[in-house]
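Notes for the one structure printed next.
Read from first to last, the chains carry the letters A, B and C; within each, the first residue is number 1.
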Amino acid sequence: MGLEFYTSKLADAVNWARKYSLFQYPFVTACCGMEFMALWGPKYDVARFGAEFPRFSPRQADLLIIVGTITERQGPILRRIYEQMCEPKWTIAFGVCASTGGFYQNYSTMPGADQCIPIDVYIPGCPPRPEQVLDGLIMLQDKIQNGQGFVQRREKREHDAGKNKLKVLP
Amino acid sequence: MSLAVLQRAKELLGDTIKSTHSYRGDDTLVVDAAAIVEVMRLLKDEVGMDFLVDLTCVDYLGREPRFEVVYHLRSMKTGERLRVKAPLDEPEDGSNPALDSVVPLWAGANWFEREVWDLYGIRFHNHPDLRRILMYEEFVGHPLRKDYPKERRQPLVRRDPNE
Amino acid sequence: MAEAKKLVLGVQEPEDQSEYDREFSDDDELPTEPMTLNMGPSHPAMHGTVRIILTVEGETVKSGDVQVGYLHRCFEKEAEHATWTQVFPYTDRLNYVSPMLNNVGYALAVEKLLGVVERIPERAQYIRVIVGELSRITDHLTATAAGAMELGAMTIFFWCIKGREWIYELLEELSGARLTHSYVRVGGVAYDLTPNFADKVQALFPKLEKILKDVGDTTLELSFFRDRMDGTGVISRERAIQYGWTGPALRSTGIPYDVRKDHPYLVYDRFDFEVPVGSKGDNFDRFIVRIEEIRQSMKILAQAFAQIAPGKVVLDDPRIILPPKQEVYNSIEGMIGHFKLIVDGIKVPPGEVYSYTEGGNGELGFYIVSDGTGRPYKCRVRPPCFCIVSALPELIKDRPLADIVPTFDMMNMIGGECDR
């Protein structure tokens, strides 16, 4: 008990707040974008999960959704956008193209966006059904709650290693 | 479809035509690549083929001549269509094969010719702005040539694995 | 201690005070100088990945260098490594807003090279028309939705997406996939229509008509919408032809070129429909032409459902069509036929054809070359929106910066098709 107890409870509360207020930056490139529109539309309504508000500046977003094929030519741009986002941040690869390259294995497409940025949740499907995406979003929310996001884990590691003394939250 | 177009073109162009054929309803003219702009001008002004539908290239690796630049034309008045092919060989010294640009005749040829340069490495003389269009400038080689392997990537950025 | 260089914040007073003392008159314009701006490739007001390097002077665009190719997925290279049938999924993802139209276009090209176009069963041709027109409706709805959304008319976006959702559901029922259907085959279509398909589609018409009416009513009166669409992005007929424009964009200039009318394919010559044309060739014309085309598509659909007769949906030719599963499992011939078709692919005679259909954005052409094996030697798409976007630098030149967004939207650039 003691300080430890309170900080871990506080972390829980903060993570709980974070998971229901995801500000997304959609990096929409290809066909998956059509399903992404459907996700916003009246029927599937991603607003129910507190993640409906797209920010069109990476600096204001904390969830990067990579929707569609990433080509080698887009790699530097994607990397730059990811680096512009403030921490803590999470990423979702929407569709097989963003996850692994899908059935485009050739000189121009990148075999998965994780070649250039870390990814937290992969949603398979070509394109994934909106239900799958909602499922993926819930998985991400669980990850956030448990502090399992890529950036969260790195922060925890750094905290445990004695760096980042100022940050109380893991 | 219409032998009339072929007939008119033959009368007009004479020697620059190497051969003609019709297959599955598509009329084709094979012309001398050196005279392509002259041929196109005549086809556009005299035969009435005023719409450049498509411009592309085929790489017949191992065949002489290796490349064929293919133009598809349409007449907006009569709806007749015509395919014009210009065979093109690789120069001995290893430089890029080249022919004249048809941008002065059709503004739409601009991007098509850039694409052919990008993917097949065919130069177009007098093109206003011959840059790569689909691939990035750092890319080496011309990927749609038959001797470019399908999966040879040239990455611009990769993640640090220890991140 | 040496004096550090003073950090000056804010506006600095010029040394020369005479600039302040000068009298300004009304026709004294603020001086502008050219500035380079980067727009894209991930820009909120542009669907599709395109980058525009702009040189602006004040609010006026002096020149724009449009860079496409951010979604180059090597359709041709992939097609050269796949069998003729395996190319269908790639065609789905060309113009991913109207996958069925691409499927149909590609199937017709291969059939033309095989020389079997005339022998395709009539029912299959009708089904192709039906799914194609449904796809055209989704295409135009999406173009309208995205265009309106990027001008801030979010309500129109929701209406159109709702309408599109109904059609996706029907197409899913038919093909098993919401978006990437791969439903058409060389020689016919994969399965027959589901029971009551016609009724379900026809039940949609009044609802779609309501959406169209609402969208039309709103946009005709929405002054900000009209201000930004009317008279912007104007192109003349001659320039449009020079650039190789086709489809709704060309028709907005008043040229009634529609492949369905001018070179009827499938059974389009049996339907009575009109080709809506614009008059000025501006963005609003392109918008309104698309809306009107949705109505015409519904008209075609109604006629197609009235005319369609029962029958086979695939060609009767074991060299092209897979044998029924019954035979594959129970007879050696069926098994071998199945194996050969899957592994080696359909044997297409050597030669080359160019086949064209009316896609969502205009003339969608396939130029295919076969060397007699089971794989395409070359499979080129003539991308309609590539030609259309190539005119963008000209259309935005010397126009205000704000015109870029509506002009670009109404071109309906689809990355998959433009960059292939």
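The rule is short, and it goes like this: contacts are C-beta pairs under 8 Å (C-beta built on N, C-alpha and C of every residue); 3 or more make two chains touch, one makes a residue touch a chain.
From a predicted model like this one, the values you see are computed outputs, not experimental measurements.
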Once you've mapped the touching chain pairs, tell me: line, ring, star, complete or other? complete
Based on CA centres, what chain would you say lies at the far end from chain A? B
Chain pair with more C-beta contacts, B-C versus A-B: B-C
Chain A and chain C, separation of their C-alpha mean positions in angstrom: 30
What whole-Å value do you get for the distance between chain A and chain B if each is reduced to the mean of its CA atoms? 44
Gap in Å, rounded to a whole number, between the CA centres of chain C and chain B: 24
Of all residues in chain C, the ones touching two or more other chains: 69, 72, 74, 77-78
Tell me, which residues of chain B touch at least two other chains? 134-136, 143, 150
Multi-chain contact sites of chain A, meaning residues that touch two or more partners: 73, 106-108
Note which residues of chain A are touching chain B in the complex, please. 72-73, 75-76, 79, 105-108, 110, 114-118
Which of the residues in chain C come into contact with chain B in the complex? 67-69, 72, 74, 76-78, 81, 112-113, 115, 239, 241-245, 255, 257, 262-263, 351-354, 356, 363, 365, 367, 369, 377-378, 380, 382, 386-387, 390-391, 394, 419-420
Complex contacts: residues of chain A adjacent to chain C: 27-31, 33-35, 37-38, 40-43, 54, 56, 68-69, 71, 73-74, 77, 81, 103-104, 106-109, 126-127, 129
Show me the residue ranges of chain B that touch chain A in the complex, using the header's touch definition. 134-136, 143, 148-159, 163
Within the complex, which stretch of chain B touches chain C? 23-26, 50-54, 56, 58-59, 70, 72, 76, 79, 81, 83, 106-108, 110-112, 119, 132-136, 143-144, 150
